[in-house]
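There are two complexes below, and they share chain A, which is joined by chain B in the first and by chain C in the second.
The block that comes next holds the complex of A and B.
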């Protein structure tokens, strides 16, 4: 299968020190932002970080390994339900819910991944869609556990950092940080090389000794565990979840779109895409209340037609022209 | 036992409509290598055209395919030529995301224009149900299924007999060889997408006779088209027919056993099962004959 990004030099996947330093400074600014931000911007920034988590997560399987997954919503929803069920029955403390969400999704991803990662191309894409649908249907019909169509109300929690808004802000911040560091470590490690080998040619990767099945399952598990944690935080954040919201198909499409927007298979690309996408989304939601999804569709179409290698590639092209 | 046969009859009648849903989807997937997520919304658009033609002009939905097919062919042709041809050689991620974006636009536009209310075609003289050997046979479904199979036959003849149809099959089997034989591939792609859209919308007209119409149904139709293609194997009309009838019967039987609220779950579990066990489909083979 041909890949989305231009032929890779391995070096392009390990960010330069300067890029990392800039990113580190940005992270410190984000860490301090709640001091000056009002609640609206705090909510917006929390969403940005959640989107970063989703885009980085998708990037493991869709970017590095090159398997077109449209199933992130399955694990976002599963994590949300795991967190919601355990919190509302007071089995676990609040701070543990993302950890539990991630663990449940990690295990589920390994179980689900074993069969569906044998598929390729269109068939994998369709199967990943199907997983989310099946999970949603189960959540809808298992009324005893999930409340069925009634959904679950989560009990309010004592804030861990300052106010409620700050608590969720910092929880998402920590999660985004962990997701980023995992991305960075994978990009630099042998595992990352294995991922990229599979993307370029899976049969050849197997020939040179890459355990493709194992690598794919690890990538899929990463791509599911982080959204699971994000889902668990999201559930407490909004205080109420139901199956249509938690397994929203738009989540499955937003993640790859954000990664495409920033640059698929890169370390910073998904985060850049997440920020740019949220700015679009916020402008659109504000101005086109009734045609919200349609405007998102237009954004998706424009991105695919005119920016298929992401905004970062534009920056890079300009640099190359200048030098 | 009567219940079993009743569900079998229901399943076959439903399956006939499913065949019509899937042939266009299967053609586009097979020839263009695109999973067309827009398919469901095009079906729903066909339903709405039939509904409004009936409500405002009194045109029977059984006749609606006569004008829906040319309109939607034109729309599909232009869409492929102007938009989808630009990415047709790209990987799944790109093509599938693009059709998803297009689906968001069309679906939201329909929601905006026609609202989310369920619409229903109400005939002034309702169709009778015939009783046969103790089974109830709803005539509207029988007629809809008959028309669906007629459309499928036309679809088959179109690919089999016409020059363009042969060119489509040639592109499907070996694109490079087709180019060497003088086939204009970009044009054939557009014609293929046009045909796929036209038959999807025609299926929509037939569905409007039997089911309520709402933009929310589109995702369910796409899901069913997937399942049928996977069940029957991609790339042949025979496969789509077997897949469609099989899905109709399996759904009816599943509903009998598990209750009507689980029909979507049954379809998707079936999909995952087949994908894992036999990804080429039950009668998978290559090429449109």
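The block that comes next holds the complex of A and C.
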């Protein structure tokens, strides 16, 4: 099959058709998994999907644009609370909760992003870290709305697909799919070029006509909207949320770690990293019950030390050797 | 002659220092203006003020009939003001072609990616970087990076091009090629502001010369008149230049 227009050389950063085909087949397999998986593995796969969403989300701002955000937990938690409050007061139907979570977080990210995206490097990292703390404090003290320290119990929902476990699995799967497609579209678009220019030299990007402020806010809004949707699904999935769980700082750290493991700023890297991370997380928890967090930390450090450009770079190196 | 760029009482202070002080100057369409002055005279600051990287402390900046001071840098670049950096600033992890395509995509206003790419290839051929398209910009030599900077600027479809010491660090044939390129751009009708230390280059390229000294514009006019101005000789060219010229 040949196309009329020559292939774009500017899109050398985006995956080849073959890579996309392999990924598509994998996605179909993952889609059919619930038929054969028991509840334990289904739960694990739901977590994989959620981790993919978080890692891909972080990749917009931290990978493509190069602003190391530690603010994912803020929006995961905000989305969780938005979903929990609206579902427990029966204002919206179940299926709408991720959409609402994403919308709330998108708007919040634009508002928060305007001031903090003026900061760069470490300063931005620290400021983004602070957002989650501020949101957590608000959730703790606004007792009328959030239940304060009591948290919120969510009403059980009628499953949308088969069983409860399948429902949450497919909701996270669809969300991961949407996050992936957005990633792919951005990587291929003019916006993606703007992102890469900003990452490499923001002043020079402005000089060639890139509206850096606007681009950064879009990236930050994407990086917040998807975790918001994931948070809303998560809230229904676990049935109960409180501020310490929803705004867990580990979420903010896991997202960039997974992206680093797989390959920062790439299309598939974050998903690869999410799978690798979860596999290790499970193995380590089973085998080193008392020292699992420490063991996981050591593994992450070793991988990043020896594969600084991510696990995905192994595949790329092999391909380059072969050609 | 219509003015393309007009500065009205432009000043820029850094704390107590007036880096650019009350500069009034107008640059006609199609002219090549040399901007000279000793180190620290405010030349680069002036370019930063025009391109919007720095805000004016006082005064007004007009370009092509509209006021541009206060506009963000990316909007000024889209209006047709391109500048090169004294220390070249390519996007190191993009290829040569991607660097230039990006300029065409944003400031050049060609939103279609494959059209932008074709346009970029034309600009690369023009500066003699054809054949290097797929090289990462970080792999280029200094001379090649300077040419890449040129190609990027051209891809922005500028009306005025501000060249901030684009020839610094170039020698021999590289320098001659750069001069030929600048001359061909001016023949195409592009308005140019050339910051340059080599007087040989200034004299051979520029119709007009503007001289900055301690942030003030001490002379501005046709190249020949400015070179004979005693204040310019005292502030910049120096006594030795005068003697050499008298002897020659």
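We take it that the second predicted complex is superposed on the first by the 309 of 323 C-alpha atoms of A that agree within 3 Å, B and C clash if a C-alpha of one lies under 4 Å from a C-alpha of the other, contacts with A are read in each partner's own complex, and residues count from 1 in each chain.
Basically, contacts are C-beta pairs under 8 Å (C-beta built on N, C-alpha and C of every residue); 3 or more make two chains touch, one makes a residue touch a chain.
Small disclaimer: the values here were computed from a predicted structure and weren't measured.
Looking at the shared chain after the overlay, A:304 reaches chain B, while chain C stays out of its contact range. Using the contact criterion defined above for the overlaid structures, shared-chain residue A:193 touches chain C, although it does not reach chain B. Contacts of A:211 after superposition: chain C is touched, whereas chain B is not reached.
Residue by residue along chain A, chain B and chain C are tallied for touches, and B comes out ahead. Of the two partner chains, chain B is the only one that A:257 touches; chain C does not reach it. Of the two partner chains, chain C is the only one that A:201 touches; chain B does not reach it. Once chain A of one complex is fitted onto chain A of the other, the partner contacts of A:282 are absent, as it touches neither chain B nor chain C. Of the two partner chains, chain B is the only one touched by A:127; chain C is not.
Within the complex, the chain B residues that touch chain A are 29, 33, 35, 83, 86-87, 90-94, 96-98, 100-109, 111-112, 219, 223, 226, 230, 261-262, 264-265, 268-269, 271-272, 275-276, 279.
Residue ranges on chain C touching chain A, taken from their complex, read 51, 53, 72-74, 77-78, 82-83, 85, 89-95, 97-98, 101-103, 105-108, 111, 113-114, 116-117, 133-134, 152, 156.
Touching chain B in their complex are the following residues of chain A: 1-4, 62, 66, 68, 70, 115-116, 118-119, 121-123, 125-127, 129-131, 133-134, 137-138, 140-141, 249, 253, 256-257, 260, 264, 290-294, 296-301, 304-305, 308. Of all residues in chain A, those touching chain C in their complex are 5-6, 8-12, 190, 193-194, 196-197, 200-201, 203-213.
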